[in-house]
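These are the structures, in structure tokens.
Next come two complexes, and both contain subunit A; in the first it sits with subunit B, in the second with subunit C.
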Partner chain A sequence: MRLAVASGKGGTGKTMVAANLAFMLTQTERVTLVDCDVEEPNLHLFFPAPATTTEVTGPVPVVDENTCQYCGLCEEFCQYGAMTVLRSRVLFFPELCHSCGGCTLVCPNGAIHEEPKQIGTTTISTPLPRLNLISGMLKTGNPHAVPIIRAAKKLAASDPLVICDTAPGTSCPVVETLDGCDACILVTESTPFGLHDLQLAVDVTARLGVPAGIIINWSDGKDQATIEFCMDHDLEVMMTIPFDREIAAIQSRGELLCRVRPEWQKAFAALFVKCSTLAGVDR
Partner chain B sequence: MKVCFTAKGATLDSPSEDRFGRAPYFIILESETGAFEAIQNPYADGAGGVGPKAAQILIAHDVKALISGQVGGNAREVLASAGISMYTYRTGGSVKDAFDQFTKNSLVRSE
Partner chain C sequence: MIRLAVISGKGGTGKTMITAALAQLLPGSLVLADCDVDAANLELLLNPKLIRTEPFMGMKNAVIDPALCTQCGECMEHCRFGAIEAGGDAYRVSLLRCEGCAVCTHVCPATAVTMQPRQTGEVMYSETERGHLVHARLVPGAGNSGLLVHAVKKTAMRQDRNCDLFLIDGPPGTGCPLISTISGVDIVLIVTEPSVSGLHDLKRVVAVCRQFRLRILVAINRFDLDESLTDSIRQWCSVEKISLVGKIPFDPVVIESVRKGVPVTSAGASPAAQAIQMLESNFEQELRHYRDHRE
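This part shows the complex of A and B:
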């Protein structure tokens, strides 16, 4: 089973949920946590352990100016403005390139070939006997998160139980993470911003056909608008976590709620049963 | 010599535009005759990489100098490689005013 934890709005508690759900599950089974928030991975803060790092590369074009006839077809093809062909010179802007390979295909002179460029890393560690932690990390200055997410997820491809922590928002990195997941936990908070971005995130999961359930975090008890939205859209509120100074303090120290307050393990175990039902997996 | 101004509109009375790649209009003016042509920038609302593409418009029109408020790094590299000199004008006045300042040689050339 593959679960994603997403939110729409940032800072609602995705990582807190993913880390505690995984920790609770490791009491009885093997779990792989994948940090797909590759611009700002932080799951490793809750599970410090020695890690093995692997480079992730992406192809970028290299122009052979001895063969190039400066026809400009590659520039015309490139939707991202990464290729500029002057009268006797080609300028390539690697940070604009999306590694689509189109320029190599349209070049009538075979003057363009691709070479790998480092775009990020994946790290893998075993912080607990039954826990694998995989983190993707984007290289500073590289704007393309998707290939790193793909590489991180691939490392978990054969693992039976995988929890993916997504980036905030609803753009490509979230879509890439949700791809292939059996269910998605959407973590929201008791604010108008939380509800607004939850609506966007629900739209994404619906379009991708990934069943979703909701967690209301930082709840001040005034969640009527969120609850009504969930009822209107046939979404279950699977868990409500109160606005609580102690929970915040535990989290800020890099500790796990389920370890410091073991009574929470029951709530996360119940959450997992609900996720399994969402995913259509009999547990 | 052809000089290009970034502008918010299509006439010489239009306010100048500080941004280069996302300028609504490029006004290309023949400095000897005063004749001009206004080109609507097709990349004004583009997602990304608009600088180099906009720079190609100037190259295609044989522009020799650009007067704009701010030119990004990628566009700057293309323009410099094509031998187009860049001058900074960002007081928000009209294209006509920018041209006056340019002919009086009071604009600072940016590298």
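This part shows the complex of A and C:
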């Protein structure tokens, strides 16, 4: 089973939910946690352990200026504006390149070949006996998160139980993470911001056909609007976590709620049962 | 005009709350933009009156004409984004995966593939009490959020270039929407929080900002939730020679003001409002310094 934890709005507690759910599950089974928030990955802060780092590269064009006739076809073809051909020089802007390979295909002189360029890393660690942690990390200054997410997910492709922590928002990184997931936990907070962004996130899961369930975090009891939205859209509120300065402090220090306050393990175990039902997996 | 973006690295640290309060407090003429186009929230605090909406056309996407497709598989073989799906009588392009590179149009021997424009969002131009607001809506699940950010900034610059200040509510993260937000900006205010994640994400977003040679300021929100981590952030900023311009305490009035749909500084006297007023006066000093320095 593959689960994603997503949110729309940032800072609602995705990483907290993913980390605690995985921690609780490792007591009985093997779990792989994949940090797909590659722009700002945080799961490794909750599971410090020695890690093996692998470079993720993407192919970028290199122009052989001896062969290049400066015809400009590559510039004309490139949809991203990454090539500018001057009279006797070609300028390449790597941060605009999507590594599609189009320029190498259209060059009539075979003057362009591709070389790998580092765009980020993946790290693998085993912080607990039954836990594999895979983190994708985008190289700072590189705009393209999707290839790193793809590389991180690929490392978990054959694992039986995978939990993916997702970036906030509703665009390409979220779509890439949710792709192939059996169910998605959407973490929200009971403010108009939380509800507004939850509606967008629900829209994304629906478009992708991934069943979703809701967690209300930082609840101060004024959750009525969120609960009504969930009822109207046939979404289950699977868990409500109250606002509590101590829970916030546990999280901010990089500790795990289920380890510091073991009474929470039962709630996360119940959450997992609901996720399995949502995913249509009989466990 | 000075261009300022409020950003954070980590999501949910209070960017929008601070942007709305600054919009209310800062003197001079303003134009505002919400560049968190994935999940735009600034409008929920500024009560904008919509003036007009423009469609946003993202990258063109490939479309395969089923009448011409011979299912030879060339497009699928060359597409590096896994966007070509087989099945039925013809191949199809997954709009969620297509990045608009047009390689498939080049390799198709049957000229069955064309690039078609597609609306993936809209840009809205609105009026608020503190000036015009440019905001946007991305079709959920659509790509090109960086391009939409660019379109939002361009609209603001085209319409209101004579304002004293361009104030931007930015996206979280360090990727394409963030880079698009901070390019061409003079000053960034990074809002962080006292948590291991907050500090980690602050360091990464600072590393990105440094590649753009802009002035970096930091504010710590909910600083009293962990005073020792607040201290770590302060020390890190001092080692890195980054100005800390504000510290805002945890205050339930912040959530109350969001529920009322107003900036916290409009919700009566409160510890958070007071702290933001101090942030604002430090920030004004920074602005004066920046102007003098620039001239």
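General remarks:
Here is the rule we use: the second predicted complex is superposed on the first by the 283 of 283 C-alpha atoms of A that agree within 3 Å, B and C clash if a C-alpha of one lies under 4 Å from a C-alpha of the other, contacts with A are read in each partner's own complex, and residues count from 1 in each chain.
The rule is short, and it goes like this: a contact is a pair of C-beta atoms (placed from the backbone, for glycine too) under 8 Å apart; a residue touches a chain by one contact, two chains touch by 3 or more.
Being a predicted model, the structure only gives us computed values, none of them experimental.
In the superposition on chain A, A:93 contacts subunit B only, with no contact to subunit C. More residues of subunit A lie in touch with C than with the remaining chain of the pair subunit B and subunit C. Shared-chain residue A:82: touches subunit B; no touch with subunit C. Contacts of A:270 after superposition: neither subunit B nor subunit C is touched.
In the superposition on chain A, contact is made by A:222 with subunit C only, not with subunit B. Residues 79-80 of subunit A touch subunit B in one complex and subunit C in the other. Put simply, subunit A touches subunit C in their complex at residues 7-12, 15, 37-40, 42, 45, 77, 79-80, 95, 98-102, 105-106, 138, 140-145, 167-175, 179, 191-193, 196-197, 200-201, 203-204, 207-208, 220, 222, 245, 248-249, 251-254. For subunit B in complex with subunit A, the residues that touch the partner chain are 46, 48-53, 55-56, 59, 74, 77-78, 81-82.
Across the complex, subunit A meets subunit B through its residues 75, 78-82, 84, 86, 89, 91, 93, 96. Those residues of subunit C that touch subunit A in the complex are listed here as 8-13, 16, 38-39, 41, 44, 59-60, 78, 80-81, 96, 99-103, 106-107, 138, 140-146, 171-180, 193-198, 200-201, 204-205, 207-208, 211, 225-226, 229, 250, 252, 255, 258-259, 261.
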